[in-house]
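The same subunit A turns up in both complexes below, where it pairs with subunit B and then with subunit C.
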Partner chain A sequence: MMLDTSDQKNFVAKVDDLKVYFNSKRGTVHAVDGISFDVYKGETLGLVGETGCGKSVTGRSFLQLLPIPPGVLAGGSITYNQQTNSSQRIETGSKPGFPNSRNFEFKKVDLLTLTGEEIRKIRGDSIAMIFQDPGKSLNPTLTIGAQLSEVFLQHRTEEILEMAGLGSEAPGAIRRFASQRNRIFDKWLVNLSGNRLTKSRVEKAVADLVAKALSDTQVPNPVKLMDRYPHELSGGMKQRVMIAQALACNPDILIADEPTTALDVTVEARILDLIQDLQQRRQTSVVYISHDLSLVRRICDRVAVMYAGRIVEIGTNNEIFKNPRHPYTIGLMKALPSADTARGELLAIPGNVPELINPPQMCRFSSRCAFATDKCKNQDPQLEKVTNSHSVACFADVAEISGK
Partner chain B sequence: MQLRDYILRRLMVLPFLIIGVSIVVFTLTRVGGSPIGIYLSHEMTPDEVLEIEQRFGLDKPVWVQYLQWAKGVLSGDFGWSGISAAPVADVFPLKLAATMELAAASGLVALFLGIFLGTFAGARRNRAPDHITRIVAVSGASLPQFWFGILLLIVFWANLGIAPIGRSDATVFASINHPTGLYTLDAILAGSPRAFWDAIWHLMLPAITLGYGATAIIARMMRSALVEELQQDYVDAARAKGLAEKLVLKKHARRNALVPTITVIGLTFGFLLQGTITVEIIYRWPGLGRWMAASVVRGDQGTLMTYVLFTSVLFLIVNLIVDVVYANLDRRVTLGK
Partner chain C sequence: MISKKDNVGQPILSISDVAKHYPIREGALQRVVGHVRAVDGVSFDIFPGKTVGLVGESGCGKSTLGKVVAGLTDPTSGSVRYNFNTQLVSISSLEKNKFKNFRRNCQMVFQDSFASLNPRHLVFDIVGRPLKVYKEVSGYDLVEKVVSLLNQVGLGREHLYRYPHQFSGGQRQRISIARALALNPEIIILDEPTSALDVSVQAQILNLLNELQKARNLAYLFVTHDLSVVRHMADSLVVMYLGKIAEAGETQAIFAKPYHPYTKALMDAKPSFDEGQNSKAKGLEGVVPDPARPPQGCRFHTRCSLATDKCGWEVDDVVRWLEDTPGMFESLTAVERKSEFSAVLSFSDESSAANLKQEMRSEKLPASMRKALNKVNINEKNVQIEFEPVEEILLREKDGRHAACIIEPKKVNQEA
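Entry: the complex of A and B
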């Protein structure tokens, strides 16, 4: 597809025909099987679907955090439209096939083909990720402060040195200390009388950055929190720490993989408010992964509905919730409690997600679909546009059939 | 609870534990045989036996005997060593130094080599280094020490004739002073490369025999703990921050994998101490283990009681150190209870 200039400026990431498979003894699991979507600047894109449909695998692909092997990148690309002025620390000079266009001040890279060193510069800096269980995402043996400071040491060395009143003339050991690249004798070197003062200035600078990041997430007493260990914190507090860590470097994209699933409802609401608030202030794009449709409706600008490794419907919040076109989307929505459903009347979609091992050429939802026809059993529906922003992968015209 | 309070509390309990241990040790040795067995012979008349019994206070109630023994121990009098024909307190430090040198050499190597091998293998799961380490670990943990020791002795001492036996060469021993009793340290203090090399050379086979099993146990534990930790979410979270794989491994996964490994290291210490008996006998190493074995055979209670009391207290202290290191690594420990 050709892009015009306005489009090019608009999207921060473009997932194109992404395929991630897993080799298992019983065959190849098509966990993500050819999905495409754009992430626009500053938006919240919801990625919904039942457990096992490939949401987490999609999210992790952005940062090359897939377990490979057994995983296999079977095709596709994730183009990241990097705004060069917002991340000067990443060396310019682009991958072959992604001309560095000065006119737009954008640089395009394929996140899937970056080398280890290149993707590490992006992780936590311009693309960050929060995981499902805050209790397990923090290292139990390190203090909150130590864990948060790693982000800054990794990506903000120059800024730290500057804050500490040091420039390019900082001694090698101090520079390595401020970038977590300690060599074997640095432990002693930084404590030499000549270095000890500068070292403590660096530590102070890092602590200031960490305290600032924590106070942005409205935790009470951020400075005290830094000396705490994760087990001393509540679940909601841990997730705030994770959010502070993820947003520390002002990322372009935040991948939030069910960040509130492990929390209780009141805490969930506050965490959602926090993410929204920080995102709007910083113009961060959020890919919000969830199995909870009502939650997605509440916070997302656009929604992609996933089923069995595919996107079956994608559109704006209004289009998906006011005018759903895919039988699966409709089924999910019927399973939601709303004002006009009586208690106990929730309708779960009958049947289970089909096995993703070597799926046959047919609609993957056909085994559970009330509208299935012979065509559905013999052909694989592709995403087709309903409107400019709304696409559906289904042969039936559901609106007509259901009279909705 | 603060870490400092935790340590203080543990230290306060320590004396009571030691008293308890000493009572158990005393009781066991009284049950285990006559404390004067080594001085008796068939030719003695009952009157002579009675006289010896009186000299050792055996006609008094047991608790008085215990108190007398305890009083002696507190004032540095550990009794008479029949097999060495000298006061226990005089011989003990020399034997202790010999055993400590052997145990420290194999223990330190086992500690660092075990952690290194375990980390190396765990980070390369199911690849060649992992398989090789597994062979080392399984053989180290399953080969009986006496068998492995004798095998090395036959090959390197008897057949090839390149390894020595005993603790040092007599002329080299006489050439320097021995203020510490640790021959490697003495050689360094005396600035004698020849003596140092001699000490290392004599240490080699016994230390390998003793350390192999411990290395294997630590490496295996470290490997499985690391494999488990590498699957935890916080490892991915650390990667998501942009940390290099080396840092993820060393600062995050290895630190956590050390927590369960520390406990095993504490247990390994017992394994090591027990091993000194076999190894000292095989290589004629003049340490506590060989001394103790001889005293068991001859029924020398004075030597035996001191050995058992000493090792028990040593165990208590090692356990304390392990717990403190453990609590330092994993702060959830101090909060518990």
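Entry: the complex of A and C
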């Protein structure tokens, strides 16, 4: 919407005027209040902002992972430019030099209006997510192998059957076993003498896929890891398992919600390398949600700065960090302790984030902004282009601010 | 230990050779089978009006050390000595009323302000409690005193009768600080006070801490994992790894030129914001070893990119390597140790044993580890390995700085 998309095929997802509200006793919280941005193919888009600015809600709405109710989708759409012909997608590995061939058709779907059945096909397959706390997002009662095989059983049944040498003539019970859609007698059926061997072949095929997914994330000894439970692993190792799970099906879009916040810096650097390396090999688009500016500066191609449910500034990495135009973006950067700020002279942004219950028509940052005028208190600034790729939502004379 | 000669006056708190070991109990009788060496011989001084930064990865013992220093748990060995009228006295030998005196002079601010403020108490109770316990003020004066404390941390009278859940993270941390300030302490131990906060709020809290330090000549022990914060806040720095000090010295000197490869690795892992887009972060291989069985020699040698044959390669390193190698670990049946540096590894079949012998001399192991290897003998299913024994590498002084590393500082700072 605010970004020039001359090449319509270029974007993989387009968020348009997304609004997510939450009903609470005290009123409607406008957690995300009309944000629009595009995600281009193969890029890393950083979504930065402080706690409660709506960045995680934005990320989760891609996969319909929001709690509704109390959440309300109050408007907008997320258009996903899906590559159809999914049977071809599986074989990309066996057809080198044939990426994006004419066999691929683009189909546009609105992720917010899909039914449960439809979104389940996309979730974990063409759009995947890495969560913040790997300790909480892995199931403690399942082994790593069992958790990872679910992804393949849900989305890669045909491939599994083919690897097991069965193809389309697989018995119904085995087919259902390989897609986790067991019927009432299937547990008994797959263990019949005729099926037992094929079942173990299917299990072997799944285990091979899981081992390959794990070895892609450079874990030592993946076969041994598959028999372990999450609590036996270190935080970095758990996050690698999460990444293996998310990237198992070669997603088009990876939503990374603060994947390294719970990790040590020494581990963080290696996890980021890993995500970047896998992303480049597979041309995945990454939406990287973080509050860490130095990290976003290091890894993102484009950056969207969010404040109180709105995007206040969006642009390429250089535009945002070398030439910030919004007072909030500038304030965030100055608040970081650096080598040459004298002690006690950090430029903190005064005040707190305003409450988002029925916010009035005004610039939401105006109460903390040093450049606020009467206009800011009466009108709501919209994102306006500074350059082709750089947009800012601010009335103040941007050149004047960045000069100061 | 990191005291500099020109540092005027005595330290307010002297930590000498402090160790804290937690027993591991097993079995029906709960017999002690080993110890987790959370802190293992750490010494440094804290001077009035100065900030000591304590950094390290999670699990390196920095929070445990903070608790020992605050007197919340007793050290297993070593002592924390507090400056009582220009005399350093060990706090564990203090009488009850003198210990109380120490407690009021040494306060703590915890990381998680959700967990460290009682949700059923009003702000007035929380901040006023220390004043009541020490019978400083009472009645109407107490209210006024609490209000003045709240004013100092940027809150006001209107916040007196609210509960902690009604505040944001930054405000709650301010309440914790107000509570710590109530008795006018000399030292405040800050255990990751800003790691749960946003950058704009973090800047507010750091500024507040600095103002208070100037106004009251407070000494801080700032425990954190965030190097950019510690660089901004601390006068001197203590870098911990696996319960020991890896490097200690003046903050600016360490940031200009780290003497220990671990310090260097920490700095490389998180380039500061100014370094821009193309700065490359370098992580560390592997995980922090088990503190119940810390590595011999230098504790960092298992992950160090500069490790030499003198850094303490041992039998455990071979076992760890086997664990990560598919196929080999499964056939390992027993490890019979003669010492940390010499053992016989038994396998279930001869081919694995032969394989190990071959791999021990191959490129798959670090060159320095192969160099430290004295002997590999094969006897059917058993492989005898022996490394060059190495003494523990202690903190040593080099040009007024302290680092526990045998590698020349020049080499540490060379680009790999």
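Here, the second predicted complex is superposed on the first by the 367 of 404 C-alpha atoms of A that agree within 3 Å, B and C clash if a C-alpha of one lies under 4 Å from a C-alpha of the other, contacts with A are read in each partner's own complex, and residues count from 1 in each chain.
Throughout what follows, a residue touches a chain if its C-beta (ideal position, glycine included) is under 8 Å from a C-beta of that chain, and two chains touch if they have at least 3 such contacts.
As the structure is a computational prediction, the values presented were derived from the model and not from experiment.
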Counting residues of subunit A touched by each of subunit B and subunit C, the higher count belongs to C
State whether A:Lys136 touches subunit B only (first), subunit C only (second), both chains, or neither.
first
Let me test your reading of the model: by the given contact rule, A:Ser234 touches which partner, first (subunit B), second (subunit C), both or neither?
second
Partner chain in contact with A:Glu150 - subunit B first, subunit C second, else both or neither
first
Just subunit B (first), just subunit C (second), both, or neither: which does A:Arg123 touch?
first
A:Glu169 contacts which: subunit B (first), subunit C (second), both, neither?
neither
In the superposed arrangement, does A:Lys224 touch subunit B (first), subunit C (second), both or neither?
second
Of subunit A, residues touching subunit C in the complex
50-51, 220-224, 234-237, 264-273, 291, 293-294, 297-298, 317-318, 321, 331-333, 335-339, 341, 343-350, 352-353
Looking at the complex, which residues from subunit B come into contact with subunit A?
232-234, 236-245, 247, 251-252, 255-256, 259, 329-332, 335
Under the touch definition given earlier, write down the residues of subunit C that touch subunit A in their complex.
57-58, 168-171, 198-204, 206-207, 210-211, 214, 225, 227-229, 231-233, 255, 265-266, 268-274, 276-277, 279, 281-285, 287-288, 323-326, 329
The answer for subunit A against subunit B in the complex is residues 63, 65, 116, 120-125, 128-129, 131-133, 136-142, 150-151, 154-155, 180, 229, 231-232, 242, 245-246
